[in-house]
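Structure, as structure tokens:
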Amino acid sequence: MTRRLRLAMLGGGEGAFIGAVHRIAARLDDRYELVAAALSSNPERAATSAAAINLPFDRSYADWRELIRAEAARPDGAEVVAIVTPNHLHAPMASAALQAGLHVICDKPLAVSLAEGEELARLARQHDRVFALTHPYAGYPMVRHARHLVASGALGEIRLVQAEYQQDWLTRAEEQTGNKQAAWRADPAQAGPAGCLGDIGTHAYQLACFVTGMVPRQLAAELTSFVPGRVLDDHVQMMLRYANGARGLLWASQVAAGCENALRLRVFGTEASIAFDQEHPNELWFTPLAGAAQKLTRGRAGSAAAQHATRVPAGHPEGYLEAFAQVYSDAAELILARTEGRAADALALDVATVEDGVSGHRFIDAVLKSHAADGRWIDLG
Amino acid sequence: MTRRLRLAMLGGGEGAFIGAVHRIAARLDDRYELVAAALSSNPERAATSAAAINLPFDRSYADWRELIRAEAARPDGAEVVAIVTPNHLHAPMASAALQAGLHVICDKPLAVSLAEGEELARLARQHDRVFALTHPYAGYPMVRHARHLVASGALGEIRLVQAEYQQDWLTRAEEQTGNKQAAWRADPAQAGPAGCLGDIGTHAYQLACFVTGMVPRQLAAELTSFVPGRVLDDHVQMMLRYANGARGLLWASQVAAGCENALRLRVFGTEASIAFDQEHPNELWFTPLAGAAQKLTRGRAGSAAAQHATRVPAGHPEGYLEAFAQVYSDAAELILARTEGRAADALALDVATVEDGVSGHRFIDAVLKSHAADGRWIDLG
Amino acid sequence: MTRRLRLAMLGGGEGAFIGAVHRIAARLDDRYELVAAALSSNPERAATSAAAINLPFDRSYADWRELIRAEAARPDGAEVVAIVTPNHLHAPMASAALQAGLHVICDKPLAVSLAEGEELARLARQHDRVFALTHPYAGYPMVRHARHLVASGALGEIRLVQAEYQQDWLTRAEEQTGNKQAAWRADPAQAGPAGCLGDIGTHAYQLACFVTGMVPRQLAAELTSFVPGRVLDDHVQMMLRYANGARGLLWASQVAAGCENALRLRVFGTEASIAFDQEHPNELWFTPLAGAAQKLTRGRAGSAAAQHATRVPAGHPEGYLEAFAQVYSDAAELILARTEGRAADALALDVATVEDGVSGHRFIDAVLKSHAADGRWIDLG
Amino acid sequence: MTRRLRLAMLGGGEGAFIGAVHRIAARLDDRYELVAAALSSNPERAATSAAAINLPFDRSYADWRELIRAEAARPDGAEVVAIVTPNHLHAPMASAALQAGLHVICDKPLAVSLAEGEELARLARQHDRVFALTHPYAGYPMVRHARHLVASGALGEIRLVQAEYQQDWLTRAEEQTGNKQAAWRADPAQAGPAGCLGDIGTHAYQLACFVTGMVPRQLAAELTSFVPGRVLDDHVQMMLRYANGARGLLWASQVAAGCENALRLRVFGTEASIAFDQEHPNELWFTPLAGAAQKLTRGRAGSAAAQHATRVPAGHPEGYLEAFAQVYSDAAELILARTEGRAADALALDVATVEDGVSGHRFIDAVLKSHAADGRWIDLG
């Protein structure tokens, strides 16, 4: 028997899409019990939102600082907080939670600056808490398998990395017409200095790093704001250089007409290549040099890494919510192992952490710097 | 606030794949609380299985009859049972539950004979209980949308129906080498008189009926047992005739080498055709006569029917577990509406019921009859 | 140096789509020189058509019987005739050509009855002439490779054969609105007793036989005429039984809305399966039991059979005209080998011959018979 | 009646892949008659090669200068030369041909330097000759249609251009192991200063320019030679800026393991996007903003531009040779129109000319310059 962890949620009131996703993800594998929440800073909205999800009245808070204080003090209080607010609140919330001894599961990006991110990493180390970052795409079984293939040497030496992420929902000025999701993402005060770059470019970057096991050494980048009146970028493109000589391109766009959520990664080595498409996550294409493309599937990839992140048999598709649940379940394993003083299941270590978040901020910083220098090559440090 | 229904599970102990699927499905949309279970008739295994899922000791039963009796008597007892055993237990369990006033969610096929099925339908009517059958493939948003498209007349008059379902996991005699899932399916005493026909042929049939809104008038069929020593069919093929003059083919095979879970449906009308592939469930292909094929997606199909069965935005894939959860959530809506004396959400009526189960048994009977008559056309009556 | 064969064409005047295709096919691999033609029985149209293709005035004939007589008598006369007329003229033309000592390349179907077809086969044997039937789909490299794979045993014992062919261009009554191609196909006097069955059903049948190397033992079939006023079938569906116990389905439809030219074949054996789609002819899918699907391509399939039918490197698509040219080129090899008294290249023997045409008529006859007997199983004998 | 043009070929002896392709392309649409050739500078090989293609003995030359002199002098001499040699001979041959009054069809790249290319353009203008460059990918019907769609405004204002071209045949040092095709491409003396960039990068660039109707204003590029000992680049990647503010990426690689001939173009506008994949050339994907992806096909795109480049009906695939033939056929139309003093069919103007070749050299130069400046943005001027 594996006991359920006691979870509190910060943010995620009615109308906040990602809050509902986090709750399903926490529930799906039955590793958490949602015991408390500060769903909104508006007391009335906090209460209504809590009722809508059957949360007991006395564990619903309007003030997230009060939640952290009160829950940390209860013997049956929350052990872990899930942070699902706009970006600018991530750092203050996570910081307070860590200092109160709580583990943290935080939506990405980690913070709104590299300095904030590094401070969180320091706090997590100091307080020895688990800090998971919800990069759900790295929770897909075939992404886990891809990482495993690269690490196993099946691709040979990596030469080319091609990452891309397209959406079209910001093709027009949605932030000016009442779309709440668009509004905070377009506002530097809430989103930080990166628009599309921070929102989805970081996903593409994290995926490329996760699968290849490599961080680029340098990048040359350019940001664009296509939509008139938009302050932050809605498109980013860049060239990448790796320490082993590999080269690559990464681009992300939220004005790519016709695209829903087209995150794709291709990696080419001296012996073979792989290709992953987030919209068809149950497949991973593997093609040996001069050979036939093979459609590897979750059920037949035959790796422990894919199996670890799988719930149902071959041919029964899993999706985004399962990948998201994998982040929660791996975090649960890390937290329980920490609590029980044992080594965690090695496969759970694939979950993104605060260090990955810091790496993401280094990436954002380098892109901003390269863009400011008209595309000069910048070290990723 | 929508209250959670109190659910009891019959069957589904450790090692039973489908039990875990039902539990995730019940949990995913937060419409149920699992309060009791008879996970195994073996008391020790029942207890271990209950502990593994954090079920309170006093609500775990080794005798399913005892569960029904006890839970029906408690004021906080289960309101609905989920039946997830091999086929031969469906009818006795469902029958007892209905008679005790419980609602029923039952794995398919409904029973092991048409007579059993018809008796269950009679009992459900008599006791006025909701009886949902878990045909998860009809829970996919794009299948809901397909049904909607056909009903809207977008295809014109239906002319051709092509349904098929291939798996390869019984290509060899797995039932003779210790595979428990294969063993009971290959045993007429547990599975009933139909093998592949009952196991997956009925899914193809239900999907075709659900999407077209039509039941064939006649069929001409042939069963085959390819694997030496196998008593039940592992392949079935048939021709279909519909009352409006439409024609069709249906085949299902568990010896189709290379196939995981390849359930596909194509429907052609006078104005357009549609195609659905269960392994890519977030897409539905729609092609007008002499026009370009269009890849309709969950997020952009624009129908209330698809939206009703959707949790996350366009481009974030949903899968089998979400489709299965849809069955549970629609059943919850029907049960609550019955309990609260109100009309149910019309879109929840798309869930399969005991009547669909009876229709499935009529189909099985007709196929067995046609096969026995060397493929003569048999009325589905 | 390989000399060009002297070719005469019967039929194929202006507006006749298939005549132009035959001419390109004959020209593509530079194995033929078109020296004479009877492009139309209308003298004026014959002359205009001849001029349009740069054919010398004195080798253009309005009377095909005259062409055969005159060309057979010239020392530099045609050695081979290509017959590209509506079906009812195939037998008289081919018969005259064979009797005049000419080789024959004939569009399919061979004739309008089994008796006619058998007589042509007898004549071809008697006069020892090459008689090629233009089943172009068997000229695709990946279809050649598929046949090779099956013959090599890579699929194990064949269990399932699924052939289908859909078009939508006859969804409405085109034959009543001046479409010349539709008109003769809908007219039993020109097309024979089979509509869709003869026009495209025979292609699906030939492809299935060619790839599997097996002829079904029995079939149970049903013809349908969906379009009001149409005399011949526009849809055919059937079940197949093979001598080795294999089973199958075949269907063809010219009223399948949204389909252009969707000829597909799937073959499942005990060890693997293959799938071919005519609209993507440079690929053949091969999937081992419980393994990953592999996209075999022309350039990387590595078989002599595929290479034999290939002109350009991997990744440079070949298409329908190249497959059609392959029929002509293989026929040229057979004719030259006959002329030169040597054994032909074994790979050229894959071209369809008069015997395949006879087999096609046996198939048509059996389908007509089964349909007349309400779908009774009929021997293909 | 359209008369055939008299064609002479320079290069293309036995073993030279591209020579055979040019001959098929010239023959396919019956617009040319091959009357003379200098297939090799080796007299014996020239003679053998001529015999192999049935070329009359007295029109086979070992010296290409002699061919130009002799053919230009004959009343029935060649009117047009096809140049199919390694790159370094393009300019001297084309220059001599133009000066002798012959039209030119030249394989790409145009020359080995921008200066050479500009001189050829000057000569073509001076002598008023047609100069076609064989960029076959722009001969595909769906590429023609793509250009038409962009020009029609169906995509709105162009924002993003993504071009890529991958092959894997140079993943290892083929040039050191006797592969003749690899050897000349790896040798700056024969190939010029650009390797992969000149060989396939220029195809990607030409395709992007052709479809969008736009030339980039600036690029920032990087060349890589992955294979030890290779002097020229085998990979190139770059960022693009367009005058209207559009952005883009272009990359080409001949060390992309698993790729055959993966030339792909995606263009995103404010209203819709398109995607083309050379390995599936009968399809063009068109997706409106927030809408369903549509698979446009050759037969159903409904544009005159696609129809112009089409030979067979919908669903009958055309391929690389047909696209190559389109270049020849459009060139024939331009030459005949020039000869007959009439305006050419406007749709034939889509064929690439010497000006496109010059544009390609400007591109190559800019890439070399940017690479030398560590990826600085360079004007394409």
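All chains are identified by letter, namely A, B, C and D, in their written order; residue positions are counted from 1 within each chain.
Everything that follows uses one rule, which is that a contact is a pair of C-beta atoms (placed from the backbone, for glycine too) under 8 Å apart; a residue touches a chain by one contact, two chains touch by 3 or more.
Because the structure is predicted, anything quoted here is derived from the model rather than measured.
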Task: Look at both sides of the chain B and chain C contact and report whether the same residue positions are involved, with over half shared, or different ones.
output: same
- prompt: Would you say A-D or A-C is joined by more C-beta pairs in contact?
  reply: A-D
- request: Compute the distance, rounded to whole Å, between the mean C-alpha positions of chain C and chain D.
  value: 35
- line: Note: chain D sits from chain A at a C-alpha centroid distance in Å of 44
- request: Calculate how many whole Å lie between the centre of chain A and the centre of chain C, each centre taken as the average of the chain's C-alpha atoms.
  value: 56
Message: By the touch rule stated above, which residues of chain A touch at least two different other chains?
response: 259, 290-291, 293, 297, 300
Statement: chain B contacts chain A in the complex at 1-4, 17, 20-21, 23-24, 27-30, 51-54, 167, 259-262, 278-282, 297, 299-300, 311-322
Field: Touch list for chain B against partner chain D, complex
entry: 286, 290-297, 300
Field: Contact set on chain A toward chain D in their complex
entry: 155-156, 159-160, 162, 166, 168-169, 171, 220, 222, 224, 226, 235, 237-239, 241, 245, 247-249, 251, 253, 255-259, 268-273, 287-291, 293, 374-377
